[in-house]
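Working notes, beginning with the structure itself.
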Amino acid sequence: MKLTEIVHILEEIAPPELADDFDTGRIGLILGLEDEVNRIAVALDANSYVLKKAAEMRADMLITHHTLIFHPVNIISKPLAASLRIALENGISLYSMHTNYDRAEGGINDVLATRLGLKNIRTSEIGRIGEIKPCSSAELAAHVSDCLQTPVMYAGEKDEISKVMVIGGSGFRNEYLEIARENGVDAFISSELKHDILRTHEDLCLIDATHYATENPGMEALCSRLRRLPGIEVEFIDQPSGLLAVNCRLDRNKVALDLNEGKEACKQEEPGKESLEFMLEEQSRNQIRSDYRRSLGNENRRRYLE
Amino acid sequence: MKLTEIVHILEEIAPPELADDFDTGRIGLILGLEDEVNRIAVALDANSYVLKKAAEMRADMLITHHTLIFHPVNIISKPLAASLRIALENGISLYSMHTNYDRAEGGINDVLATRLGLKNIRTSEIGRIGEIKPCSSAELAAHVSDCLQTPVMYAGEKDEISKVMVIGGSGFRNEYLEIARENGVDAFISSELKHDILRTHEDLCLIDATHYATENPGMEALCSRLRRLPGIEVEFIDQPSGLLAVNCRLDRNKVALDLNEGKEACKQEEPGKESLEFMLEEQSRNQIRSDYRRSLGNENRRRYLE
Amino acid sequence: MKLTEIVHILEEIAPPELADDFDTGRIGLILGLEDEVNRIAVALDANSYVLKKAAEMRADMLITHHTLIFHPVNIISKPLAASLRIALENGISLYSMHTNYDRAEGGINDVLATRLGLKNIRTSEIGRIGEIKPCSSAELAAHVSDCLQTPVMYAGEKDEISKVMVIGGSGFRNEYLEIARENGVDAFISSELKHDILRTHEDLCLIDATHYATENPGMEALCSRLRRLPGIEVEFIDQPSGLLAVNCRLDRNKVALDLNEGKEACKQEEPGKESLEFMLEEQSRNQIRSDYRRSLGNENRRRYLE
Amino acid sequence: MKLTEIVHILEEIAPPELADDFDTGRIGLILGLEDEVNRIAVALDANSYVLKKAAEMRADMLITHHTLIFHPVNIISKPLAASLRIALENGISLYSMHTNYDRAEGGINDVLATRLGLKNIRTSEIGRIGEIKPCSSAELAAHVSDCLQTPVMYAGEKDEISKVMVIGGSGFRNEYLEIARENGVDAFISSELKHDILRTHEDLCLIDATHYATENPGMEALCSRLRRLPGIEVEFIDQPSGLLAVNCRLDRNKVALDLNEGKEACKQEEPGKESLEFMLEEQSRNQIRSDYRRSLGNENRRRYLE
Amino acid sequence: MKLTEIVHILEEIAPPELADDFDTGRIGLILGLEDEVNRIAVALDANSYVLKKAAEMRADMLITHHTLIFHPVNIISKPLAASLRIALENGISLYSMHTNYDRAEGGINDVLATRLGLKNIRTSEIGRIGEIKPCSSAELAAHVSDCLQTPVMYAGEKDEISKVMVIGGSGFRNEYLEIARENGVDAFISSELKHDILRTHEDLCLIDATHYATENPGMEALCSRLRRLPGIEVEFIDQPSGLLAVNCRLDRNKVALDLNEGKEACKQEEPGKESLEFMLEEQSRNQIRSDYRRSLGNENRRRYLE
Amino acid sequence: MKLTEIVHILEEIAPPELADDFDTGRIGLILGLEDEVNRIAVALDANSYVLKKAAEMRADMLITHHTLIFHPVNIISKPLAASLRIALENGISLYSMHTNYDRAEGGINDVLATRLGLKNIRTSEIGRIGEIKPCSSAELAAHVSDCLQTPVMYAGEKDEISKVMVIGGSGFRNEYLEIARENGVDAFISSELKHDILRTHEDLCLIDATHYATENPGMEALCSRLRRLPGIEVEFIDQPSGLLAVNCRLDRNKVALDLNEGKEACKQEEPGKESLEFMLEEQSRNQIRSDYRRSLGNENRRRYLE
């Protein structure tokens, strides 16, 4: 099949005009090599691991969600050189669909909502809002973890969650959370939850299900869909994030660790504190000396440091 | 004690000139009310929860790591109005120390390194590098979780980690990770780990120990330190993040959940897939129709959608 | 009455889309507190004096022409803290209408034109153009001073003025004066007349009737208009500018002042000049010295300074 | 004398490096024509009036405080063409000294302070601070009016003013007023006082003595100073601002004006109000109609407009 | 004829809305003097040479392709003063038509294409594409040189050129060359060919026929056209570029030059090389010394310099 | 030899701190591949032609004056892909030295001055000034053409040129020409001479000797210099510009061309003019029609078009 034909099909699946403005130069045909395409690889990222796999499967096109070069460059770094070399030597054209595919019908967010079993799914800006059988925050977190096969972090205990908004990738942004709130959403599922968002949206159950796990399904689905193209082989390259969660000891049923010295160090009451105390003492002593030099007559301040 | 005297002491603890440029307007005396200060509250954030607690303890000054107004405003939102009202009605001055206290001797990052039991701690840019008794990634993650009493997410399996770099808060930035690498660091502990960082630093063990848990100790330590000031009461206001981690089912020993319908939906092989399939089928049918209208003669493309 | 209802009414009176671009963030609901509004205060400015008066009259909403925070802030200055405290403690919501109300039908400029007794008033950009019974510049200045009860400054002697353009507030801008000229206007009434405008529009009679006196009537009129709202008390808070004009001695009929020493000092011919002479002599002597050092051989220059 | 020699002398009087950054391109030799200079004209502004006078006196150089072209141009407007023509035809070079001469020893602000009879004058940033025999705001305003032979506007009644800060031209800026306050200044004398400055500095006596009257003396003094140059004739071109002040009627002892119709119109209680009322009624009627169309069921709002 | 009438006619010939954005302030009436115009001069540039000629022919208007002031100024340089003086003293209004006249029907590029004898001319963006009788690059270059009476530089040997794109002035820009390529153009004729353009478009024959020679005909044509205006004399002022081409010796049939010493110096093999060698030797010796000081132990590097 | 060692040597030859600010990201190691370098290629440009040659000679490093990617990219164009592929597949690291090497001792401009046989060469900003045996513009142009084996274009006839300034590459900039003038230079030799420069520097002889021919010698010299490095083979890759000059017919002794039809077309007096006339007539007719519709009553204007 012609590369240009495939590009047209991809533009129908994820129309470029749906992309955010900042995606200019980050979507579409990033590197166009061979005119004829026989094998397509689909993956989340364009990096040397994925390109190596694509080369092994003799792909002549790689379609990813994240582009190869995010910020424009005029110096080719070592990792970029490694990726480019594989692409160029193996004639692998690169095509990227990002926020246009997030928003597209059947794209990242539609697939995510479906994968989580949401009902009555509807689009609201870039995200999707849907319903689930009422459950608690802990139950929903476990459900998300199961469905996406991923560790999750969550906050915001709720007893009865029935309406959920999802955005694959880095979707915890004030404007999207505001939309969620206006729509009576109980829980918001996305990734890369930041501290200030957590603090200002405590009324919602916020579930961080990792960037990888919320976007990868959408790329898998794209892969399935492209398999229907005639005369083309399409294969998915999975590159798991490798992320694992650890709960603090109370939740971990006091699992015994072979790290005794370290553990001792962090029993809140003693040694950690002591060494901290020591450090502060030391620092105070230094300050006293410099204070002494600087502000000899300043009784008040000197006293505090003694 | 005079507010101005306290400000001078705080400027010795966290010299304003140590702050990043972007912190202009975000550190120092954010709101100056009463000249005489008798009770100081210390906390991580300046928000209505913390201010309410500060008012209850009759504090007339609140010192935080994160300022009240991050982006300059000329419209006062509801949450900001709530916080400001408490501060103004109760005469609570606000003082903020951010990246200057991160960098300062005895500041956020020194305290974090000490709390984690690191040895031979030294400063490298904003972070701290130190040594631990050799352990694996899993062990270190558990150790961090224990020491900071926090859930963590981590990636990058390593068998023997002995050198660690720590940065409280959002420290997973390329330039800092580069410094870590140049210093032969095995593991990097910070928070708000993003996907692209994870992908480009797979050679390191990366431990996301949450923004709250990596910075809160530094503010607690500041509190202890200020307690030595004469004639002033100082109290810490803790506002835990409430974050909890959930590992995916394999790791959770198949905990039974009362969310059966949902769970069914996400057994990868069946219903989730089916409904996804359905959605894609539906979408394909729609596309066929629009294709039909748009490009009647285009055989190749129409066939793929059937 | 509901705050939101009042906001809708105010948006009909002064549609936000009429505002200049620079007014973004400076018009509309600046601080929204109580949902139910019973008493409205109207004033020109939002400052602590006005807010104190509003609190005394138990207003729960203050509508002003000038907003509380002009340039966005993240540090709360003392005066801003004072104003905010009164507003927050007394539950006074703040609403601001600026250039949108200048332009609006029945707004600042319509009221100003009417107050000055102009006939056949029509709108031209933000201003209003109308006719008066022919008079000289001095007569018109006195008329304006009477009508607005304000001191004025004016320039541009004309014997017969019959067409006038008015803009409340700081309206002496080249583009508006150009419009005036194109419309055959004889006199332009506004405030905050600057030197370069004065110099480049000497063909027009320019009357500076102060910012306060040209805008306050429009806010009074708004007050009267809102009084017709059912179930709401509305009151105007006047805060005169306190400006007074003094003409130079010739015009003041040699009023005797108890400031004899000072007066002596400024008799143009003698002491002022003398002390000035002295200063310049002194300075010259200093220059000679530095010249001497710097450019010993430069005969010409040194001679001039001797 | 050579033009370049004169330029060097002027650069000693007003060193270019003293100028504000925004004066780049606005100071120094703006137009350099004849190498030999025999007659210099000095004035406040460079415009066609001044240039005509300079040509009449056969000057071959004009030194002004305000430059000919403030904002860079590539289209020559009619007034600029008129000025340029006179300069070019008559071989009049143009030199401009602005904020550098404001700051310079013996410059605009030194001369202004001296002219006002201040004692113990010292420099603070661009302005000058000095002492006067204690007097009230009204007395000081009259004194300033006398000394500078100008109408003034003032605000801020004070009984005993003894410390004064002066800045010629447009000096009412927050940072300068802050400096005044920090120096215990009672009155601030400058020009182009704006409403927001007036409102936020009510603790100070603020005297607006016009741009012209506060800067012209400095240029006259420069003229006297240059007269000492050998073999050069130097003459001052005065272009008064023509500004006149009018106080409101109460202060003017009810001067009878031949503008009866107009006056009637502004008797606050009656006709002006009536026509305003009429206008508002009219407007309300229009609104009712549009309201009717737009929001038929909205009882509350419609009622208010009836 | 009225100046305004002429301006309207010129705006019909070269509609201002056809201009590139960067031409804002560079087209239209740049200097408007006399209302009545009797004699028009037309030229390529507005400079003192052209203005002197225009004054000699008693023109009261000068129409040029390039404006008088390209980058906005607030300082009048000597050359600008010279030009302005002539224009102002002789009452010569200035009007400029630039990229609007390039694009206009019958403008610079239409005239250029016609002058070169192109057939089937059509517009493509700013340029014109047309056909010629097939010829080689050398033949076309000679033809262009003949038609425009100009030296040319060209690159890109082709045997059979039949389709040509032309843009007067500085038209060798990637986007225009891309248009040329998309239209199957063999040769591109414009001026100010830069090295990077030459390197990236080696598949095209590129002919640099000088800025002057490619634009002057369009201004001559404008002149002819304006001659039809009633009651107006119109004259063209030609200011040739004076450019001459010299081919390297091989192409010049070894023309004997009276510059023997110089020539010796550049016989590639000997003296030039020698002196170069000497310079490099000298430099190496210096480097060795500084190397010696800086990196005494660095064997490898020192050796290379010996 | 180690790549890092070579980089250090290159940084001594052309210290990066000598580069213009705009060269950030355009100099230094642009692509670093193999640690060990055995063969270096040197060339003017980094493009696919040069890289192919470098690959053929088995170079593992290419040093050029112009970098591979001038404007930062995140999309890899076809030509860039071609170049990158050769570099990556053949392990050719890229290093670029631009304005730093122009300025460096023994760099582009020193070599150019020496190659032209200048005496008493000294540096002035980026360029070099030197002396030649007095000659005319034509003689100097021929000399330059000989020495650099390049066609040249020149303007500014002078009888006796003895002082010359040279800048390789695109050096005809006002600031450099001003330096030349201040140094009493008679002729300025550089490349890419633009029309506005030509017009404003008619007092100088300006010789455009092409970008290639003025910079290539500097790179050849670098090559010779690097040949002295131990254990490294260094080779120069020449890529001539292919530029040829053609003088207009008068100067070409009426060389007969086989392009008769075309030639006919450009005999100024006849057919070209005629077809131009025709076009203008046609256009006028169209304008009349549109004029007729638009401004029926406008007699004056319609008449001119008839």
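A, B, C, D, E and F label the chains in the order they appear, each numbered from 1.
Here is the rule we use: a contact is a pair of C-beta atoms (placed from the backbone, for glycine too) under 8 Å apart; a residue touches a chain by one contact, two chains touch by 3 or more.
Worth saying up front: this structure is predicted, and the values here are computed from it rather than measured.
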Going from chain A to chain D via touching chains takes a minimum number of steps equal to 3
Maximum distance between Cα centroids and chain B occurs for chain E
Matching the CA atoms of chain B with those of chain F requires turning by an angle in degrees, to the nearest 5, of 120
Chain centres from averaged Cα atoms put chain C and chain E apart, in whole Å, by 53
Distance between the CA centroids of chain B and chain C (whole Å) is 48
Contacts with two or more other chains occur in chain A at residues 70
Among line, ring, star, complete and other, the chain contact graph is ring
Chain D contacts chain E in the complex at 25-26, 28-33, 67-76, 78, 81, 84-85, 88-89, 94
Residue set of chain D touching chain C in the complex reads 1, 5, 8-9, 12, 45, 47, 66, 70, 79, 105-106, 110-111, 114-117, 132-133, 135, 138-143, 145-157, 169-170, 191-192, 194-196, 198-200, 202, 210-212, 221, 224-225, 228-230, 241-249, 251-252, 255, 257-259, 261-266, 268, 271-272, 275-277, 279-280, 283, 287, 291, 300-301, 303-305
